[in-house]
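Dropping the structures in below, format is structure tokens.
Each of the next two complexes has chain A plus one more chain, namely chain B in the first and chain C in the second.
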Partner chain A sequence: MKSYQYFIDYFKNAPAIIQVVWVMIVLFMVIITILIIYLKLLRSRLRKNEKIVAQYQNEYESNLITYLYSGNEEEEVSAEQQLIVDKLKSCVPDKFKRRVVVSTLLRLRNEISGEMAESIQKLYFQTGLINYALSSLKSKKWYVVAKGIRELAQFHVKEVNDQIVIHVNNPNKEIRKEVQLYLVTLFHFEGLKFLDVLQTHLSEWDQIQLLEVLQRFDEQEIPNINPWLKSKNDSVVIFAIKLSKIYNQFEAKDTLLELLEHQHKKIRVEAIQVLSHLQVYEAKEVLKNKFNELSLEEQIAFFKLLENVFESSDETFLQEHIQHKNFEIKVSALKIFKLLNIEKFHSFKRLLSAPKDAEIIEFIENN
Partner chain B sequence: MSDAKKIVLAEDNSTLSLLLKFRLEKEGYKLLIAADGKEAIELIGQHDPELILTDIMMPFISGLEVISHVRNKLNKQTPIIVFSAAGQEEMVLKAFNLGANDFMGKPFSPNELVIRVKRLLR
Partner chain C sequence: MNTSTVEIIILIIHFLFFIYACTAIASYIILAMISSKETIEYMKKNSFVNYKEILSSTISPSITIIAPAYNESLNIIENVRSLLSSHYVNYDVVIVNDGSKDDSLEKMIVAYDLVKVDFLINQQIPTKPIRAGVFKSTNPAFEKLTVVDKVNGGKADALNMGLNISKSDYVACIDVDCLLLENSLQKMIKPFLEVTDKTVIATGGVIRIANSCIIKDGKLLDVNFPKKLIEKAQILEYIRAFLLGRMAWSRLNGLLVISGAFGLFNKKVAIEVGGYDTNTVGEDMELIVRMRRYMEETKQKYKVAYIPDPLCWTEAPDNYKIFISQRNRWTRGTIETLRMHRKVAFNPKYKSLGLLSYPYWLLYERLAPVIEVIGIIYFIILAALNEVRWDYALAFIILAYLFAVLFSIVAIFSEELTYHQYKKKGTGFKLIMISLLEPFVLHPFILYAAIRGNIDYYFNKKKKWGEMTRKGMATS
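Up next, the complex of A and B:
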């Protein structure tokens, strides 16, 4: 009691700053205690949820395996399979259980192929899970729509293509990304037809993801990319340029040459790089004739192209640029000279006597 | 059943493990399931299986370490089939260098796996 009174007196007589510090200490201690209790409760809730999920998962896993192995050739759905379908059907209206069922099906669907993968898809239809995914497409929440599309892609549901395609130009970029991945995952190169109607920007990340999906497929026969190279959507043009490089679309050569006149520099530079990769000799003459009108990036890209398609007739042009102020152009010109006319290359040692130039020549000579 | 050939399956996807257990037990093999590489090494030490099926990416100890343990520490020539996902080509090469006998890229057909298992246990 005495010590309690002592603290009260001490607090009352203490300077204002000390009083504020004490109040702050007590306040923080209360907050920390509340937070510790909250975190404890949250953790135990999460643990409990994990246990429930694991429990349901075990149950659904064995149901799924039984379903997969209880089929027979006489009936489309055996009695045992029907029992499991009915059981799962009764679970799916519950959002929590539905999530566990879907994740259990997907865990296996992603790992196996063949008849069993088809059976899992069949079960997805039979249990009515597809209806929930389809209804999510009409949701006002973007993440619900995106998740629904992703689920349909994961279960390879091609039949609902029409309902997905309408979201191609959705204002939300996550929805657009899922639509694109759905189309390409399920329809491979044919799925790229969405590029015909895409009005929104196809980000670099979207492009990487699409290319990553495409490279999983064995078939390499890609549709005509010329319309995409002529698209009004610049990001589509850039993506088409990437496709023409990765899949060596020499057939698109003429359209790629037209892109050298494109109004955007980035596209012109990328076009030069692809023409270089495809070793299109025509591009060399076009660019050589208007070299001085090109931007520096285009000039550098052109010299890289020249490294692939040089001829002895280019000697005069190259000689004009061995003293170019840009390092990359100078290196490219000298590199080509080394291959084209070694004697002349050696004669440059006298011409380019500055220490930096001498270093460049020495490097090229030894590499 | 006691004469059944033992197979250790190291796979962190419990649904896939269960499916393969059913499928391979139907073919007359005895399956010992490990949820990670650590459990797999324990099972291999305890049961000396005739075949090992292992995923490459697993918690605690990877499939590569399991192969290395069998080949270099236990000095056993037990046939090993590795499972790999797309994009793990380098891992598969490492697995072969360490002594794996075969590999299957995910997603794979369980029926094809049975054929490969039978071939290796002939």
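Up next, the complex of A and C:
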């Protein structure tokens, strides 16, 4: 009691700063104690949740398998199936259980195909899960909306297209990305129509994902990409260039040639690369005539193009560039020369006698 | 000087120490708050990403993993196997054997069926010459592997050789003994591809400590909490630094360092600035500062990104001798870099680099140990002169200690709520215990190493890299 009183008196008589320090000490000690207890509870909860998730997953998985194998041709939904639908229906209002049901359905859907996959989709409607996904589209939180769109794409719900397409130019890029993936996953090349109205930038990451989704489909009926190659949105132009390369769109050759005059260097370089891939000879003459006006990246890309479309008439032009300062251009020029005129190529050994040049010539000679 | 002048000077000194301590604490709190917000945002965004799509894509950009190796014979085969096990499609691995005196090269030749090949190198950055040559595997299973054997020139020189050899747009510079998770590359490449309004020049990832973890065939099988105090304390230190510090600097676009253990770079920019500096022991930090400086000077919009996911696991020093040597080198690296780029300091031309990142590093990283030691010496002098108000001193010491503990516990929470890597029962208690002990078992050694680093920098210029004896990570 005496010591307690001593501390009270000490505290009262201490300067304000020391009083603040002691108050903070007590406060920190209380916070640390609370955090330690909470950490213990949190870790226990995380461990417990992992077990519960695994347990629910097993349970729902076996329910789903029973559902898939208990159907018959006479009834749309058998009695046994109805029991499972009712059971899952009772689980979905609970957010935690709903998440597990959806992930289990998705995992199973990805492992099977045909009628069984359709049954899973049917179950998605029957259990009312679709209503939760649709209601999430109205949420103010971006990640709830994005998650809803993703779920609808994963369960191939085409019917809500109108509600999703309105988000094409949503300010949130995650939502936009999910919308794009939804459209392409469900409507394939038709889904690319969003490019007509896209006002925002399509990042390279988004482009790769879209192209990956498109490559999953066997159908090869590619829409006319010319309007996208002429788009005012530069990222759409770049995406269309990639499409023309992957799907060998030789029909777009003229528009691609026009892109050699585009105001953005990146687009010009990409256009040269795709024209090189398509082996468009006209591009060579256009670029050769204005070679000195091109940026270094364009010049390098042009020499790569030349490696694919060179002719004996290019010899003089090539000879002018075998001493180019740029390593890649010099290598390209010498490589082409070796194929075009081996005797002249050997004569360069005398002309290019610097150790670095000799190294390049020796390498090209041997490879 | 009369007594009152001395008293005023002493008061000013006290005031400066007090302000320094308060601003340091405030900066930690602010950074922790920004980090938490940024991490939550990252986790939300990341929950939508399907990395499988990008990893299987042949149109994804190419990446070269560059791993310098010097006398790594003990683990080189397993380490290379780990680097070759990435799920990313469009990548290759360049191992630069930097004049090893052991049988690293011979071991790799045998294990990976290597043969010497003709290789044309575009020597954009000067390096030490090739020694035995460039090797490729005859086995299609290892077609992604290239081994370059060169004359010893140090880690920076070896990385520069890798930059010259790489044909990719992006290069991942990594310590050969690091264990990369299979999806590391796709996570690291994401910021380069998704940021559209500026150029991402580099991305850094979280480094985790692999001591006591179980690893098999280059894959992390089981995460364990080590037994040694020094290892445990480093785990806590890494969690704190990576989860509560760097994430905030990323948000502020003020990252000055990307761990040399694992970082992904825009090769074009790295080459344009001349690659790694071979004259510093802090080449990782120096390159980032130089790249940032270059972008500012050429008026290009840029970003240094950071990924909070645990993507790379490495072996940390398990004894104080090696630990002190490592931290000594880090200190010298920081001093060298800050000195080299002192033009940036407080220079509005360099925007946040000059007005925020550089001053912060100078005040709270570079000078912190020096100020702390001056404070300790001053305290000892006052104690010897019987000028210490022990009750006041005790109150401040307890407060500082509790703040350090509280900050560590917040970092543990951050870890639990995000990546929850240490799942085993009892580890939570161990983490709490180490947060209570760390100020005694690790901090004094960090301080000692930093002071030694300062002394070595100014008085022992010949000192370069310290030794790091590899024990090898636990394998099952």
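Basically, the second predicted complex is superposed on the first by the 326 of 367 C-alpha atoms of A that agree within 3 Å, B and C clash if a C-alpha of one lies under 4 Å from a C-alpha of the other, contacts with A are read in each partner's own complex, and residues count from 1 in each chain.
Heads up, the rule we're going with is that contacts are C-beta pairs under 8 Å (C-beta built on N, C-alpha and C of every residue); 3 or more make two chains touch, one makes a residue touch a chain.
Please read these numbers as outputs of a predicted model, since none were measured by experiment.
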(request) Look at the residues of chain A and decide whether chain B or chain C touches more of them. (result) C
(request) Applying the touch criterion given at the start, work out whether A:V77 contacts chain B, chain C, both or neither, answering first, second, both or neither. (result) neither
(request) Based on the superposed arrangement, let me know which partner A:L340 touches: chain B (first), chain C (second), both, or neither? (result) neither
(message) Applying the document's definition of touch, where does A:V144 land relative to chain B and chain C: first, second, both, or neither?
(response) neither
(request) Could you look at A:H201 and tell me whether it touches chain B, chain C, both or neither (first, second, both, neither)? (result) second
(request) Could you say whether A:M29 touches chain B, chain C, both of them, or neither, answering first, second, both or neither? (result) second
(request) For A:I360, select first, second, both or neither according to whether it touches chain B, chain C, the two together, or no partner. (result) second
(message) Going by the contact rule set out at the top, does A:C91 touch chain B (first), chain C (second), both, or neither?
(response) neither
(request) Pick one for A:L46: touches chain B only (first), chain C only (second), both, or neither. (result) second
(request) For chain A, give the residues common to its interface with chain B and its interface with chain C. (result) none
(request) In the complex, go through chain B and note every residue touching chain A. (result) 13-16, 18-19, 22-23, 26, 86, 106-112
(message) Per the contact definition, I'd like the list of chain C residues that touch chain A in the complex.
(response) 44-45, 47-48, 50, 53-54, 56-57, 59-61, 118-120, 122-124, 190, 192-197, 391-392, 395-396, 398-399, 402-403, 405-406, 409-410, 412-413, 416-417, 420, 423, 425, 428-429, 432
(message) Under the stated contact criterion, what part of chain A meets chain B in this complex?
(response) 57-58, 61-62, 64-65, 68-69, 104, 107-108, 110-117, 216
(request) Enumerate the contact residues on chain A facing chain C in the complex. (result) 10, 18, 21-22, 24-25, 28-29, 31-32, 35-36, 39-40, 42-43, 46-47, 50, 143, 146-147, 150, 173-174, 177-178, 201, 203-206, 208-209, 211-213, 235, 242, 246, 327-328, 331, 356, 359-360, 363, 366-367
